[in-house]
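The following blocks contain the structures, represented as structure tokens.
Shared chain: chain A. Partners: chain B in the first complex, chain C in the second.
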Partner chain A sequence: MTANERTSMHGASTPGTFGAVTHHGRLARIGAIATLGALAAGCANDAPQDTWQPAGDNAQKIHDLQWPVFLIAGVVGVAVFSVLFYALWRYRDTGQPIPKQTHGKPALEIGLTILPALILIGVAIPTVGTLMALADTDDTDCVINVTGQQWWWEIDYPVQDGCGGISQPIVTSGQMVIEVGTNVIVRGTSRDVIHSWWIPKLNGKRDMVPGRVHTNRLQADEPGIYAGQCTEFCGLSHANMRMEVIAMEHDDFEAWKANQIEAYAAPEPESLAAEGEATFISQCARCHQVDGLETADGELQIARPDLNVYSGAAPNLTNLMTRNTFAGASYDLLNETCRPLVWEAPSDRVGERYNEGVTADCLNEVELREWLRNAPAKKPMYTDPTKLEETNSLPRGMPYLALSEDQIDQLIAYLLERK
Partner chain B sequence: MAIIERPVDVPVAPTPTATTNFGYLRRPVETTGWRSWAFTVDHKKIGIMYGVAAMFFFLVGGVEAFLIRLQLASADGTVLSADKYNQMFTMHATTMVFLFVMPMAAAFANYFIPLQVGARDVAFPRLNALSLWVFIFGGVFLNTSWFLGGAADGGWFMYAPNSSVPFSPSNGVDFWALGLQITGIASLVGAINLIVTVLNMRAPGMSMMRMPIFTWMAFVVQMLLLFAIPVITVALFLLMFQRSYGATFFSVEAGADPLLWQHLFWIFGHPEVYILVLPSFGIISEVLPVFSRKPLFGYPFVVFSGAAIGFVGWGVWAHHMFASGLGPVSVAVFSVATMAIAVPTGVKIINWTLTIWGGKLWFTTAMLFSVGLIVQFTIGGLSGVTHAVAPSDTQQTDTYYIVAHFHYVIFGGAVLGLFAGFYYWWPKVFGKMLSETWGKWNFWLMIIGMNMTFGPMHILGLQGQPRRMYTWTDYRAGEGFFNGAFWNMFATIGTAVLTVGILCFLINVWITHRPGSATPVAPEDPWDARSLEWMSTSPPKPHNYDRTPIVHDLDEFFHRKYEDIGEGEEHNYVRRATGAEVIAEEERNADAHIHLPAPSYWPIVLAAALPIMAYGVIYNTLLIVAGAGVAVMAMFGWALEPADADPSDFDPPPTDPATGTELANV
Partner chain C sequence: MFTTGSKLLIGSAVLATLAAVVYGVTQVDSLGIVGLVSAALALSFLAGVNVWARDSNVSAMDATAVASSEAADVPPGNSIWPMVFAVGAATVLLGLVTQQSIFTIGIVILFAAGAQWTIQAWAEAASADPAVNETVRSRLANPLEYPLLGAVAVGGIAFSLSRVMLWLSKTNTVIAFVVLAAIVAAIAFFFAFRPSVTRGAIGGALAVGAVAIVAGGVAAGVDGERDIHVHETTADLAAEGFCASPEEGEPDENASQTVAVKANLAAEITLTRSGTLEFDVPGPLEEGGLGLTLPRANPNNILFRNDSGEHRRLSLDLGMLTEDEIAAVEEAAAEDEAHGDEAHGDESHEPFDRRQLCTTLIESGSAQLLTFTIAEPSQIYEDDPEAYRFFVPGTDAELNLVVP
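Presenting the complex of A and B:
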């Protein structure tokens, strides 16, 4: 009911912002009058995960279905409460005689049974229609795989003609980049427990279940950063398992893809970053893959998270600084000065700003340092070596690595070049 | 069960003098002290103990809830660690569902079903005592996990494979799985007992369609329990073997499908929702007519809609799984079925409203709680319809919108109904009235508190705040004054109001019953009530009715007090007798022979064996053997104990052996 008013509020105050919402404005306003007006003010502007601000075709389909249902529910509620409260006032004890001992009126009862049944049939028919439309996969333009793991999402783009052509696999984590207007099918599964993929402004959620592959349609009307969150309880750090979808224009998306598959650029010899590369190989590379990274003797460095982490994978860091969150999208890679430049960029600048990546000036060094210093102290994870007997001594999450401050300096210099 | 006959006038009361307490094949005789409670088979004492234990767990669950809200009051809360928070919300739900609402409903069912059907006790009194003690020991067992390495942390739904040992390495989930198996036994035994009681022990003249409505609803609940508890028991057995004995029912790497658990859990879990609310529907269907001075409107519709909910409730479980990936056809079927179940629920709300319509309303605390239930449950029901629409549900499920919804249903439905029952039946059970002044504070603070707590959760959920998160971040709370941060704080303040409201109830009980309390003895019929249980004294005698009532009408007690002097279709009721006069009349015509079961040692002993075995599953197989030994001993003791206490246990020994036994049963 409250959200009805929000619809009307947005419809009235920011026309055009929410696309198809506005042409329902008048009906929604009637709903707002019918429900409790006082609650209209009770809603935040622009909550990033607002389920009543669809920004794509799929979420819009859901929204077109849900607001009339909320309206009907509001009207029924008001009707029931009007009758009830009228009766409570009208028949309060004012000394009237003992009332007639009526046991019921079957005709009235049957009528009042059929009425809600008819309303619900009216709701059921469009429900089934929308369900089927949201399950359609015939119009897919782009396939992206997501894999849930405690407590982050791996996102990979398989080689395909879709997505404007993917010539070699792209593996990233936490943030999914898509092109505006294309119909994306997310194919999802999990490596450990059940997770749930949910980008509220683009579509409803879909559980990603180990041993099964589930799909979720995504499509964004406008460029922007669309926040989401794992919504199936997945253990200790469930609250810290987030994700974003970044929708950008065609040219920006092509630039992003090209950047993702660029060959590895080794750091300048004898720079701090070069020391960082060595530290990365000795400390990080057994779990974290950086594509193209070579060991000192010229061999490709292949990460083996399957031997080192219980659930079997760790985020690929090849292009870490092209993303702007880390550790399950829980923490910003951009500091507070730079974050709004990207997150609150005007729609036509989102792709461009995002593709600039994270520069040294913009890095959220405080939190990245905290993370490298002692990850499990920042984000709860199962990494205490004394408590891993049930997982073959393998941690779930990133363990404490006892890095020195010098090593952290080196790693940050090295990671800043990963874009 | 002992069947004893005795003359009602006992000339000399022999004193029970059990010289050989706890003799292997004796029956207890104490009429006072803790033994008279621990070994009782009286459904009323058992009902009271059910209620006290459930109230204790209500407070435990309430503390857990308060800690959850404190943690979420502001962003990045630090009251609880992630680990403790996960245990807290798991145990809050588990405690409130299995250790508060279910046993509190069992307390009412135990106490009032025999009274409402005009019976002396339940069909199997010793089994009844077994149910109680199994529940208590199971609940205590479950909560000992707090002190033994941490409670379960997988959520009350305990989805696989997150419940497996690698993902939940503490013993918490073991305690959870075993504890719920134990309390499940209590529910199952109780269900069979009450079903037989309702079907076989109704007073002469009480056809099914003359049964008081609470008994009807409680009967539907027992049928639901009878079929739902075995399903969860199977699931819990699989989980126990998965965790303790290396089975792979939920191991994905061994080819298991994690959705198996979800189906098993929700095939139990959805009927469970009706198990929680239908007793309260029954309670307010008793309270509303009394304080409207009118019969329940459309009694057969209320009965059949309750039964319909009992049937259709089995066909909607997958609406908890709309985001699980069932496929659109399954989702469509369950979506439509879920809408269908809204119809019989709506019928109930319509009938309650029409019961009030045209009445002469008396706004006692019990009446206020009943009206509160109608209002709050209607809100919960309407938000329920919004997520019966499966596509909308994929936006709402696992967010605070769902938390809001089911608290309106379970707190607004089940809990408010139970409180209506407390105020309505308190004088019946304890012979004293609770204070109406404190009662009204209790009511209003609870209503305001619950709306402040759960109302904002609608907004939080629709704005995308997921459930089961130990922390939330300002970045996702939105802009503006009324953002997520505001409503989270608001909800926490609401919890404080709610807590004060519940404290008012405890204070009310204390001032009514504290030593030296000025609260007078309640009149026999304080509410001018309508149904049969009020035709006994308050509190009822151990044998409930001096004369087995012969029932002529639905609302039998009303018709004994009021005479219809209207002609033809015109009804005109005039009072002919007070409730006290009707009861006195029954006493004057007391039955010559009264049958009562004797107390027994064995139910509590058998119940105690179960947690021993459960600790054994977790810690040491030898304990399982020890517990099983106790269980076998108790079963033999149970089977072989004599029907009556030994006459030598009385001083002087009664001349008629049956007399002494009868006294021992008091």
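Presenting the complex of A and C:
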């Protein structure tokens, strides 16, 4: 580098430096505001997915573990940084002579090895205890299977003596109904990629892995609707893969179960819903199961989603209108007038209101129509028939079906009776 | 300026870079670019190391020294590398007309000899003193040679040992290798407690051991592996109609060795001594109600435990086959017969019209896994030819399967 170059570079650097200072100033301000924003967001007091507000004994166990651990970590962090900053400041270079150099200080070194070891052991004992308590399956009273697929959860209740007795399997999606106070054991798996099941107010998260069965305990102290969402990135609509647990009192839960297994009631002949049934059989029944539905010649109509959808499953619509969200619990089935009646119901009314289901007056018809008109336009899914080589021409999600508005009218009438 | 060795590497790096650019512009495939860019980076790195290492060597920087020093006058010494290089080239040609593996070996020889040759030639120009030149060579070449030769040696020995293991029977393998390990440990102790043993003795022992292992490996490899018993798969059994029968040659004595998925069962089904089928699933579910519920359209791992005191299999019946499926089965059976397939030649079995799956026949006290996926829900749960059920051929044991 020549002397000339050096000067010119130096010359250029002065205004540049000024520029950088103002720029840094702005960045710092933005950073500070963002940090404050993030902190403030952490304080929201009606966050539906907040692990710091446990609502059941499993979540409470985690809570009882995490706050002392954070406390200990915080105290250690503050202590370490205080000492560090004190040393930095106290012994900064002020031109003092270099002090005498010594090698090692055994007492201090051993002390600083033993102390953290003791702290870690102190943290490890309750941690392992909590992990074991949360992995226990023997003290649970109700088994519910959960199966993830792109991008919704199927929930089914196997035949059992648990859950107060289930004599016929119940299959639903997106919303899991449980009895208050019952410790439920979720047995989860996946039909395609890894998903993760997490209801923050009721327990920690559990990955749901194809080919494996993983368990997760859930128990809620109070009736209510507890939200969660998939927490393992699972593709395009990962953000629209949600779920809710609805906890209700014993009598409400019994009523819910009884309703779920009620025999299929065919629509009134010649009604709009009856036309809807025919349309459903021709357009939807290859993917969606409606238990008890019969074809015109009296055969049971059995869905074959394994031949029509990549994951091999589509939501069971037998009791669609007993849930109040749809498509991965991403959209409301209740309109704005009726939704708060259930979602903001006082704790002792939750089950009763939920069991009313979706009536014609309460239906969020706009969004359900949008869904039937063009599902992939509402929720991002891989359904473009020209781009399905990878999945053997099978869509992931519900495809566009080119229904007429008349057909949609019929289907809405038919679906409204599914409860 | 630049030393001789660096020039070669710099030139190669430039060439690889150009090749990467040309390839990238003309070809769409990315693998080639990755290869060429990696080569360019590797060569640039080596060139950099070279320039850096030799640039600190005053004689190399000194133009007169390069042209007229003693080092420049010393004729190159004997080298084995040109010959090895030629062998490599011949092997490559041979490989081109015969086998790909020979070609690959040739390429490896070619590169190894080329590298050694290059490094040696470069080192010989370092000074007039052959000893110094040798250290210069070692400094660059050893860090490459040691790990590579080490890997080749370890790989060769591991491969030889594995041939021997596959040649011996299972039990003999265990015995032979326990003895071998004991001998190795004994020799190691001997050396450890006798510091007076010479390097030569240790080296000799190691060399004898290595030669013995490789020779054993070659011999075992040539003789071939022991007979490894091939087990029937559940699909074979189903296709041959054995799921409804309590017979099938001999029972599978190794059934319990299918451990892979035992840790993640959808259910464990036990045939009890009293001849009933009982199941256990994670959680508080017990037998009762309608039977066992398993998810639809998802692989299920079921472990079958046989505690009955007899050889038994677990079979799963999934309803009637459709007429098309029956026709396909019959066609396949006819074809087998035409080809004189003798897999189960002696045993005659009934033609079948049901969709079935089963484990092999297993001994009492052992367990075996059955993995399956059911696509269609079982809409009928009671006694019906279409209902899904587990059963044990030769007994009355039954268990309903509910698939929602």
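Note that the second predicted complex is superposed on the first by the 342 of 419 C-alpha atoms of A that agree within 3 Å, B and C clash if a C-alpha of one lies under 4 Å from a C-alpha of the other, contacts with A are read in each partner's own complex, and residues count from 1 in each chain.
Methods note: a contact is a pair of C-beta atoms (placed from the backbone, for glycine too) under 8 Å apart; a residue touches a chain by one contact, two chains touch by 3 or more.
Everything numeric here is computed off the predicted structure, so don't read it as measured data.
A.B. asks: Please indicate which partner A:304 is in contact with in the superposed arrangement: first for chain B, second for chain C, both, or neither.
C.D. replies: It touches chain C, and chain B stays clear.
A.B. asks: Spot which of chain B and chain C makes contact with more residues of chain A, would you?
C.D. replies: Greater contact footprint in residues on chain A: B.
A.B. asks: In the superposed arrangement, does A:148 touch chain B (first), chain C (second), both or neither?
C.D. replies: neither
A.B. asks: According to the stated criteria, A:397 is in contact with first (chain B), second (chain C), both, or neither; which is it?
C.D. replies: Touch status of A:397: no partner.
A.B. asks: Taking the superposition as given, does A:160 touch the first partner, chain B, the second, chain C, both, or neither?
C.D. replies: second
A.B. asks: Contact-wise, after the overlay, does A:211 reach chain B, chain C, both or neither (first, second, both, neither)?
C.D. replies: Both chain B and chain C are touched by A:211.
A.B. asks: Contacts for A:117 in the overlay, against chain B (first) and chain C (second): which applies, first, second, both or neither?
C.D. replies: The answer is first: A:117 touches chain B but not chain C.
A.B. asks: Under the contact definition given at the top, report the residues of chain A touching chain B in one complex and chain C in the other.
C.D. replies: 210-212
A.B. asks: Which residues of chain C touch chain A once you look at their complex with the stated criterion?
C.D. replies: Residue positions touching the partner: 261, 264-266, 281-286, 288-291, 293, 295-299, 301, 375-377, 379, 381, 402, 404.
A.B. asks: With touch defined as at the start, can you tell me which chain A residues reach chain C in the complex?
C.D. replies: Result: residues 137-138, 140-143, 145, 147, 156, 158-162, 166-171, 185, 187, 189, 191, 210-213, 215, 289, 291, 300, 302-307, 311-313, 316 of chain A touch chain C.
A.B. asks: Considering only the defined contacts, which chain B positions touch chain A in the complex?
C.D. replies: Residues 81-83, 86, 153-155, 159, 161-162, 165-169, 252, 255-259, 292-295, 297-301, 323-325, 327-328, 331-332, 335-336, 339-340, 342-343, 346-347, 349-351, 353-354, 356-363, 371, 374-375, 378-379, 382-383, 385-386, 388-399, 456, 458-459, 461-472, 475-480, 482-484, 486-487, 562, 564, 571, 573 of chain B touch chain A in their complex.
A.B. asks: Would you mind writing out the residues of chain A in touch with chain B in their complex?
C.D. replies: Checking each residue of chain A against chain B gives 1-3, 41-52, 59, 61-62, 65-66, 69-70, 72-74, 76-77, 80-81, 83-84, 87-88, 91-93, 96-106, 108-109, 112-113, 116-117, 120, 123-124, 127-128, 130-132, 134-135, 150, 192-194, 196, 198, 200, 203-207, 209-212, 214, 227, 229-240, 310, 380, 382, 387, 389-391, 396.
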